[in-house]
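In the part that follows, the structures are each spelled out as structure tokens.
What follows is a pair of complexes built around chain A, which joins chain B in one and chain C in the other.
Right after this comes the complex of A and B.
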């Protein structure tokens, strides 16, 4: 049975067509270019600070896009679109989550101490499910009476937000004077908790010592049963002691295993070293998921990051994400941090270039984003140029403006083949639309002699039919490009003849006319027209052609008529015969006059 | 990762044998057993019928767009033994040349790289391959390679234009010395490579690996490496990737991409030759990419056709 009569058109990289992502592509392009051009000479700390800033810039672009996407989702009434936008928001959110972690671990390469602080910030920024609950409680009239009060306190504790936790607890203490004692002790413990600092005010060893003391103090209070009568406070104390079960009980408030990981680290290993993260990460994920659910792609990516397996992170992201934007830019940044060993890949010189090539190639199918793609190709040293050459020829040259844009790009990069090709295409297009002037200037630009000849012939044919030239400006200003083809030269010179004639510079015009024939610039087919053009000059009151010139003209005429194989045809064609006769007569008359003139002595 | 963005209802009354995007992905040409060739404007997801070309007297097997610098030109070949070249002039499509030099069905047409001029290769069931070269003023010169493949030739594909020693800058204005080559596939289960020497076409290589008729060959675009790559597919369900490492073109080695369960009709390369599209009787179009370890992996498949998927073309804008 015959197949259906339908043809399917299929495409990859659909994301570039999503309007709201446009900002992402445009702005990240700016950041990318800035990074490529940035000072490589800056060493050590300043370079690192610069790279961290670049990373933050990328992240803020992602967040801005998320905002826009969120707005779009909220304001649309189309449920399908809304679904699409919401999906995009979660994807962008995941991307920012991953990027942020990579920034902490790889770009900034936070050391033990600051590492924990960064991770805490990371968790606070990204685990947002509890935000509305927090707001609700804080804004209520009597927070300590709110049924979710203790949940919020727990959230603060779990996220290491000690000041906020203490503030809330103080409200509870005022409301419940009986627990004042317990409260004071707990508050004190929380106040004294040793935390890593960003400056150089304490070494890790100092911190560890202080922390050990504090830990023991908490332990004593717990064992003494100080908090026994208030289960909430007791559980907080257990959390402070890093009791995994107590922390895990608050699973719903943490929502993710990586929150659990950071909380664990905060309360049991605040001086954790980067390389130790992997062990805690794996066990945290196992404990949190508890065999009930299996890790999702996002979890695997984050895990790979905690394990410092950069390549794995990139690989997993490439598989999961629907376009190359994320991996291309992140990898480029990591490459600038000199973190990627150059695994020489079979097909794309190295990972960075491979991903950039893929990303940029995708941009080329878009009617305006392709311009961004050009810059990306420029920064791919191995294959960027050839990829650009192949892609740029396929951009539809829908308008002259676009063609000029593409041309400029090719000319800037000395892509001569592509320049010629594009000019030829434009010339052909113009010719098809009967825009001879445009066609001619394109073929001159393409240095296409054959085409220039073709078009010149058309011009001349037009002239013969209509008696005038089109596109005079162009022909008058040909300049040296006239020499591109013989026919073009003739066209230019012939037009010059007409100009001279129009300016009544008859002797010059006459000389030029003759040269056109004798120097064989004019094609034989045109001689008759030229000779006919000579007629008015011969008929002038003044004598223009000298004797010698007249003899030349006569010779040309004879050459023309003698060479005419089809004598019969010539004889039959009355117009032609008449013309020839008139010419002979005019030439003879001129000759007579000029002989007399030249033979006369002046003043005699 | 691959999604259908447009469905063009061609209104062909019979099987569609080929569908080709033009250079820019703005137009689509289709041909069918209903003897017609249709051209659609498919910009922005639309489908406007531009032309319905009649002239063939039998099923039309393939269509091929020439490079835009020659104008809007389309070639078609058919069971009726004819090759027709159509041209758009003043907004209308017309037949500009008809070639009837073959004794049986012409199965494949392929335009040479634009650098060589306007040259069309045609493969026929009479075993011969014709090369039509435009010489100007509506005239075409014909060169014929008789008995290129015993029983018949099913596919022709040109090698990209590469000048030997092309790394050296050619002084501008000088015409480079191109070595013209193309590949053909036939009913003798062979893929052959042809080279032009002293204005004569000679068989340069015979590539043997298939156990049944070769249905399509596709020479990959060049990204400047000294290697050459050809994809071939066959009635035997196999797709081979042939690579030649040296510039002289002497040693080709095949790598099996995959063995499919049904005949594979077409193979087509993306612009930068990093993806190969394969279509077959098993109803699917699959996209393949070479991985780090040199093995080819399927990166997606599009399962949309009813009946065998008989044509595949890769363009910059769209794939199908």
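Right after this comes the complex of A and C.
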């Protein structure tokens, strides 16, 4: 409707410009390229191990970046910048969290048993709000007297860190001998707790049996009231039994619902299968949040992961994160794990390609990360080339060196159109700045005959105006590139004529001059000049042109003047008519002399 | 890009880098990390760390240390600047600047500035060349150019180096190597050499440190050419080296049987032409796993140096690629003693301190 005008403020994607993130882009580019090139023939376990390693590499890059960003946030004095850096740190940390979970569930595809161990590691690594408290208690002189002592023990138990919990408990036991009995029983229970192992030492069924047995033992001790006098120990026992309420009481120590989930699984279903995760995840989240707060985007993403909805994970991440780095690389990795069915989007390319294209396009908008983008486009089979062709022409070419790099990229990919267009741009620039040699070298690179002709015309024009050649070093040394265009060949040969003349090698010069005209190498416009050049040769004392040659010259002159008969200019221009007359005269005289000379019989 | 088009190493624990293709380019000085712990094998574990840096206008096209404290930098805006490093408080400051040292004649287009592509110094003289085909001779303490040769070349001059104290060598984009005698007043080169065959642009040039008639150049097609400038106008040997532009070539300053080249194709090659190669133990480089033996074909005959030898069966040159995982271009390198430093377009700088281990 008329009158409703809106002004859109277009802003560049700020993320790409943050200095510390550039390390992320560069390093991940290296990992990406390594992945694309890696051996596809490796099957089964070794391939999986390889992919897991790639995933770990990506994660370590994220962590390194997080470190740098953290350093930057700490050291900067500008509060706005500090805020920005801190935000970035939390975003990066969330990314690593998600990636790690995806690695466990999708890339490594941990089976029941090891799955729990991996999830435990995951929680221990990422829920670190409690780290400072732990450190504080451990480093104090008398840990068991510290007011947070039991909190720390609880943390250890909740995270399944049995040995550490037992170690701390032993300190309490020595300090408090009355509870020695209770402690011994608890310690024993914790020591005997069956855990999944990574090797093949026990089957799932064995584990379940052992666990069932152990669980009953704990149950007995609790019901006997063994720990009744020490509420802390009693709650620990309840946790060991997987009592959800007891675990939920320690909500602040767990801080997140997924920690709760893993703890729950540890103490009630250690042999959980991957496909069962979703039920526990949903219920854990509901129980933990308890209707008080609604789930955040991060929570939804993690939930989607637990539900093995890969596409959902990627979709949610794309919406939440501001640039495509995360989803592009993760999707690529999952694609290499052969986990993504070709989920065709409406314009025909699959998701992996779509995300990579978006990411790489973003790189091109950056003034110097475009070189990374090229490699990404290379690995998009359907549309990569088209995108590259369009983007590469738009890179601003400020120096020759940059242009050379861009050209090299185009040549390696046989993008002839782009090569031609870039060379033309550079050649035009050079021409405008009067760098004729540079312009020529660009047109040679592009094998652009038309442009070479243009440059030669420029040279010839200069010669006509000034009477001498500029840039002799170029023309004298054309070499095989002379053959690129007819005009260029003419230029070279014409210069050679001048040189021969200068060296007083007149017969050769004469022959060359004639060839230039008869072989039609010279442009018509130049014939007059050539004929005028012939004048001094004709006027020489020595006869240089033979009869044949003179006839040829005369024919050339006639051809030239015949064409100009109806042009009034010729009659008006005295200089021209004088020239023609002089030529006719000289030619006639030469002819006379040469006929006499050739007719004369030598000797006798 | 952060990392460098050029780096020079002096003394062997401080090096300078310059960045290009950034909106905000910087000159930086780094300490090559010999403050790190010495490990079991005597390797250094310390990483290079940044000493100081300063903003630079335009891309850094070339740079060289003038003396212990000063660095000359050539910019894509056509300006040549001398930076001074203050060691007491670890800062860099611009000492002297020659604006518009390189410019195009028509001031309306291209804002007048033409990129300065190469700089070389021989304290206190500094010679620069640029895309405008101009050669400038400066002295480090004078504000104006001592001598300027306008339109020295109709094409872009890519690199320059000193042949003798009064003579310089330039290479250009139509494959010519020219000698200029600075004592003479005329603005013509005293000699011109060209490649046979295609006039491929030459990007870099370096002279043998002891035998001044031996010159090496690198071209756009990655070919390494060795010239003997006492004789002939064509190269003595042509060695098929890289697959893309060779950006820099350097003879090792104290061990001239060794040559280093780096290229757009992402590799850095170490050429070892020392005799008795077969008896020498092979190098153990951290990354160099691919070694090839190349017997080079020669055109002319000369006896003196290993570089000019002509016996293809006996003389073999050992060539090692020092980069294990090559991706993007290696733009620049420098070598001094047993230290090598190079920079790539992947925004990374690498230092190798155990070149001849």
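Following the convention adopted for this analysis, the second predicted complex is superposed on the first by the 481 of 604 C-alpha atoms of A that agree within 3 Å, B and C clash if a C-alpha of one lies under 4 Å from a C-alpha of the other, contacts with A are read in each partner's own complex, and residues count from 1 in each chain.
Everything that follows uses one rule, which is that a residue touches a chain if its C-beta (ideal position, glycine included) is under 8 Å from a C-beta of that chain, and two chains touch if they have at least 3 such contacts.
All values reported here derive from a predicted model rather than from experimental measurement.
Q: Just to be sure I read the superposition right, which of the two partners does A:468 touch: chain B = first, chain C = second, or both, or neither?
A: Touch status of A:468: no partner.
Q: Once the structures are superposed on A, label A:519 by its partner contacts, choosing first (chain B), second (chain C), both or neither.
A: In the superposed model, A:519 contacts neither chain B nor chain C.
Q: Kindly classify A:26 by the partners it touches after superposition: chain B alone (first), chain C alone (second), both, or neither?
A: second
Q: So in the superposed three-chain picture, is A:575 touching just chain B, just chain C, both, or none of them (first/second/both/neither)?
A: neither
Q: Looking at A:477, would you say it contacts chain B, chain C, both, or neither? Reply first, second, both or neither.
A: So A:477 only meets chain C here.
Q: Which holds for A:421: it touches chain B only (first), chain C only (second), both, or neither?
A: Only chain B is touched by A:421; chain C is not.
Q: For A:395, is the partner it touches chain B (first), chain C (second), both, or none of the two (neither)?
A: After superposing on A, A:395 lies in contact with chain B but is clear of chain C.
Q: Identify the partner contact of A:432: answer first if only chain B is touched, second if only chain C is, both if each is, neither if none is.
A: In the superposition, A:432 contacts both chain B and chain C.
Q: Is A:80 in contact with chain B, with chain C, with both, or with neither (first, second, both, neither)?
A: neither
Q: Of all the chain A residues, which ones make contact with chain B and with chain C?
A: Common interface on chain A, chain B vs chain C: 429, 432.
Q: Provide the residue numbers of chain A that touch chain B in the complex, in ascending order.
A: That would be residues 1-14, 322, 345-347, 357, 361, 364-365, 383, 386-387, 390-391, 393-397, 416, 421, 424-425, 428-429, 432, 447 of chain A.
Q: For a test of understanding, state which residues of chain C touch chain A in their complex under the given definition.
A: Chain C reaches chain A through residues 1-2, 5, 20-23, 59, 61, 76, 104-106, 109-110, 114-115, 117, 131-133, 153-156, 172-176, 178, 189, 192, 194-199, 201, 220, 244-245, 264, 325, 327-329, 345-348.
Q: Where on chain A does chain C make contact in their complex?
A: 22-23, 26, 29-30, 33-34, 367-368, 371, 375, 398-402, 404-405, 408, 412, 429, 432-438, 440-441, 444, 470-471, 473-474, 477-481
Q: Help me check something: in the complex, which residues belonging to chain B touch chain A?
A: So the residues of chain B touching chain A come out as 1-16, 19, 23-26, 28, 30, 32-33, 42, 67-72, 88-90, 114, 172-173, 221-224, 271-272, 274, 285, 290-294, 300, 302, 304-308, 310, 315-320.
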